[in-house]
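Contents: one structure, followed by commentary.
Think of it as A, B, C, D, E and F in the order they're written, each chain with its own count starting at 1.
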């Protein structure tokens, strides 16, 4: 068995809240996730970054227009996944990485393709884990990339076994002290942790109305930026690169709000939150010391 | 001058968020606050507790029905204010109390009527402060009860000058460490602090969708229950009485949701949040040591 | 085996102080504990709460007078045990509870009778554990209720296996951080912890002479009230109900000081300590989050 | 004015407990303090250290025997004061020292005689302050050595004005965090703090019966040894010398228990506490950094 | 008076160590600082970043070669100062900035030229302060840019008066907790703090021999990277941008080591330290919340 | 097997820094260590304390002079080892001690000879461990005294199995929080920990140039004195004896600097550091509570 796991798998659900989160993701079938993923079988559950090709909106053929918008959004989401993955390395094929809140599994595949490394993804949704494992089998990498129906706060995976780990837009569902304690436990000394997340901006003040509406939409609980750095400091995770991706993600949202076949209804709220300064899209890379 | 204040009044607004909160309360004219207040010139900005007289709903005369519902809700809100005030004492007329987030001023009047004490209320809304001071003048107690357009986190009031202080449903707008630091500074050794608040229930997990909708409605940022006790412990405020008022407040909401002339639209969300266990209505009385 | 314990039982005694405490309770045969317990085989080692029937003092027959006083004190102590047990639930017969500092075992029996749950009691006195197990066998509940000669700070019982736990007047023998760490370890997420304890009142100041005399009497080390809340906050135990039982316990002491056949000599010291405000009888119910 | 004090003297009493402590010392007239002090007008309120001349017990003349015992005990107490003072230096006559809990003033005189420095002593007993100032006037050093009726936790003296400070058996009356915060505020960077104190021994466990009896005798609240080091660490006071004086103080107690004209009744309790390992007599010298 | 300072200027020197640091900088006349500064009267005391024009080394004329190397190094140092300044903004001419460890003053001039803002620079070297003020007078900006002979840990400047502040390679001389406490006090809510510093890399382990040699060279005490983030977290300074400038600064050192007229002898040590991974050149921008 | 170790030995090297430290000690063959050790097969890696017999310098015969100097230095180093060992006890032959950073093993032998106890020494240098075990076999105590090629921060030895432990000049190579956590884990409750170390003096300020040169010489990272007390306080290690050995070690260095056949070149730096007050030689004995 290639997975660095303990004998007994822990119980994934520990609270009513987690049940609701699991239910949400077990039921979720948003086109913005499924349609984009189908393009190349890389299913992401996060937003995109980078400059957008707005010409796709001018495509006269309505079917082709949809396809081009879908492809463009997927390109931006993939760019975000690659940006995150670039901060994990260097890694070798012998290394093992941990994908906390892996969703339908795209991030682990990206990391594997880039570095050849082993990956253990964890999701609270049984359906997502099953879907992701099916994808891995289809790609023929199921011996290297595995997805587990677990709780990312208590994975049961082996201490010190991981060279890198990450949360891609999944840290807003959990208590950061519990999350970073688990990453710190799993990472070897010198290992790298990366998080990409929306956070609310303490400089603005407390959570704005828009931030609360996003919380209500996803049943999540967005942390202030300060909470990340306080919790990292408590768990021997030392930042080495911090990048405000707010500007870089706004073109994605501008395009997505105009993609009628993909919108979920939360697009304008994101844009308002970014613009009024209450919300930020942040990447933090930190070392386990 | 009877107010225990510093020479220079601090600037009340320190962040964009606080501007939005002030704007909200400067503009707010909800009947549930104004209509109830008119009954006896006690303007409360909080919810009620206690058993409800449901017969008011059966009142056949529509005008009278409205009046009776209004009076019943006001009775319950007043009961809550009295419950809070009962935990402030004993106090003497020489004592001074601090009303943090005083709104239109009802709480300070209740405390003054009960104990004869001086009160300093603080609100971030200039309009509320003005309204409350006008009420105090009208009652002829303006020399004893004063309202200030200030920031409750930085009041400029005199250290150790207060025998008691409270937050009645206003602590969800601020950072608790800053708030309790200010109460701890203002209270004399042995002074009493009381907070009544909605908090989210850590036993349930993170903030539920309902809690986030309430946050969006009021532009507030409801704390988990645990945050109160951690922050009190850091600021020499030692609980002596903690009471879960969730059951006691539900009748109020049951009635209010049926009061067509008073509803604000958030009533069902509160009831759902209380019922699914994600939200609690809590009273904490603590001593400054 | 129904007990959720580790393979090797930990050594109960770790310090000279603990030896003295164990010696005290191994030797202790106070009538106020034994005579009361004999009434219904519920042996409590704590005080009582509630209104007292003072007419028992007027009973003319001296033998009957003694009996009635004994029964009345037992009724009050039992009332306290029921009050504590009421805050443990709801619990089901499948649930397991942990009784820290179980003495001669009354509390675990009360909890079992109320909820049908399993209980593990722990006491540093070998003699108390033996006595309590004998009682459980006599009642035919030895398969559900077990008592262990262990150290409550290092029980060796199974992590996360308990739905509720408590200390009934036993927390003043130990360091609270070690105690609450063990409760936090044993309780499942969402589990309930209850403590009833005498604490000294930080509002009064440091320990009064009376508090020190009580410490000398029982070889204990009464904590200030603040210490409980600071330590709970450090161990993910969040208060949900706090009740000052000082007034409720004073009638018990008023009766007991007049019970010549039961007094231990410390009665007046308790009454003075309660009356001068230096000492409080407190119940805290908290959730493990 | 030579005293480095603020304009307004703070209120010395802040709690009921402090009232009791002040009352105790206002009323205290133990021969062991007054008779010894009369010998050379150095009134100490602490115990002695060093080898004892037991031949004083064999003195046949009863009056002379008393005198010799008194002188011997005073010699030992003075030796302790000199030991403490030796750790304050080097100091120059321009330096200022702070004597926290100065009692009838002996320690400040010892420091002044040794270094020529200014001293500010603080006591919660008005009578002690008055007595000590009278002594200073009598010695003609009232312009250099002053005693204040103040609270040592809130002296109102000037920040950073002191080159050295100490507590000689007075730290058991106060909360250490508040005490060390005040010393850290008063001492200049690089200043020296010395405490001599009885502490209970964490290695033994919690407070023994004897420790509690000593607490009851003096209305004090003896800290565990660990509490000193934790609180020093929190207040930038770094130990440079720690010495267990338990062995060195036992001869003093052996003599004192046989001094019928001086015993207070607590002598055997001290000896038992020292011998059973539950209590220690400790000197800590630390630097303010 | 335009400076936001308190009535009494604090004493700059508080320890023997600080005396040595002040002596070092009072005596320092390294060509790498003075020769470069002369070019445009911008005197920097920090290293450079960015790609280097190595053709300057091939300049055949020895005098011209020196000039071109000097100019190239200055260009890189200026680039670093501009990079730092870019993270301070946006700022308006009404804003005030604080330059902690200002050296001969270049950084404050750069900030002023960019934003028009007021600046207060602080240096422990009287000679540097004097030099810098002379430069400001020469430029005709002495009413806007002032340098003070103060201790950056206790500036006596006005609380909350600054929109931005920074340390450019000066934080390795001080305790970070004291430093960040002072920045947090001086910055207004929402203000920006920037630090550029060499730090040792916790991922490598403890300080390498090279790091210790650099410490010995400059009489400084380089912090580990982790120390910055822990101390920022304790003082309400929340990172928003973190950039590892190690790669970007190495060309500067490559050139400088070949500049015979400018080398100080520490150049190879820096290069080795950067290359073996024990040392990093880091920029952190953080918000005061 | 007499060693209290876990089944799998941990990997000793965890960082590049540790590799360098191990390399240093694997290669180290300083005469001051080897020549002295040969005298009686007690190989120490620390400095000496106590009064020196300077007459050895006047020995006219050059060979004999070298021998006498060597013997005198060894006597002083042995005196230091005995001083440390004296603070470990009392211990019995059944007790087990832990020697953290054991070097070539002298300290464990000293402890064994004094108390008859078992000892486990740990060193990051494979060569030192091998050498020390060879010595133990030669002495016939290999069944009682064992040396392990391990990391002292993660020894894999058994929790609570040790009655005493120490670091003799080895704590400057590691992070104190990790070190003391391991000692606290290994020591039984009531166990004794002793450290002898050079520390830099916070009273002086930050690390002086001399301290940095010593760091560079040994590739170590000398902690400030304050760091020891803060870290001990966090790990339940309570000081009971602290002694500044600076004066006591200076004669050793005075002699050693004149011992041409033994000097390593760092001697004058040590003397300067001790004399300018920036460096201290400290012994701390603490109890595990």
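Quick notes
Rule of thumb we're sticking to: contacts are C-beta pairs under 8 Å (C-beta built on N, C-alpha and C of every residue); 3 or more make two chains touch, one makes a residue touch a chain.
Worth saying up front: this structure is predicted, and the values here are computed from it rather than measured.
Interface comparison, B-D versus D-F: the higher count of C-beta contacts falls to D-F. As for how the two copies subunit A and subunit E face one another, over half of their interface residue numbers coincide.
Averaged Cα coordinates give subunit C a centre that lies 49 Å from the centre of subunit F. Between subunit E and subunit F, the centres computed from C-alpha atoms are 39 Å apart. Residue positions 15, 190, 203 of subunit D are each in touch with at least two other chains. Contacts between chains, counted with the stated touch criterion, involve the pairs A-B, A-C, A-E, A-F, B-C, B-D, B-E, C-D, C-F, D-E, D-F, E-F. Across the interface of their complex, subunit E is touched by residues 190, 202-203, 225-226, 229-230, 232-233, 236, 238-244, 280, 284, 287, 289 of subunit A.
The touching residues of subunit D, when paired with subunit C in their complex, are 15-18, 20, 173-175, 203-209, 212-213, 215-216, 219-221, 276-278. The touching residues of subunit C, counted against subunit F in their complex, run 14-15. Listed in rising order, the residues of subunit D touching subunit E in the complex are 189-190.
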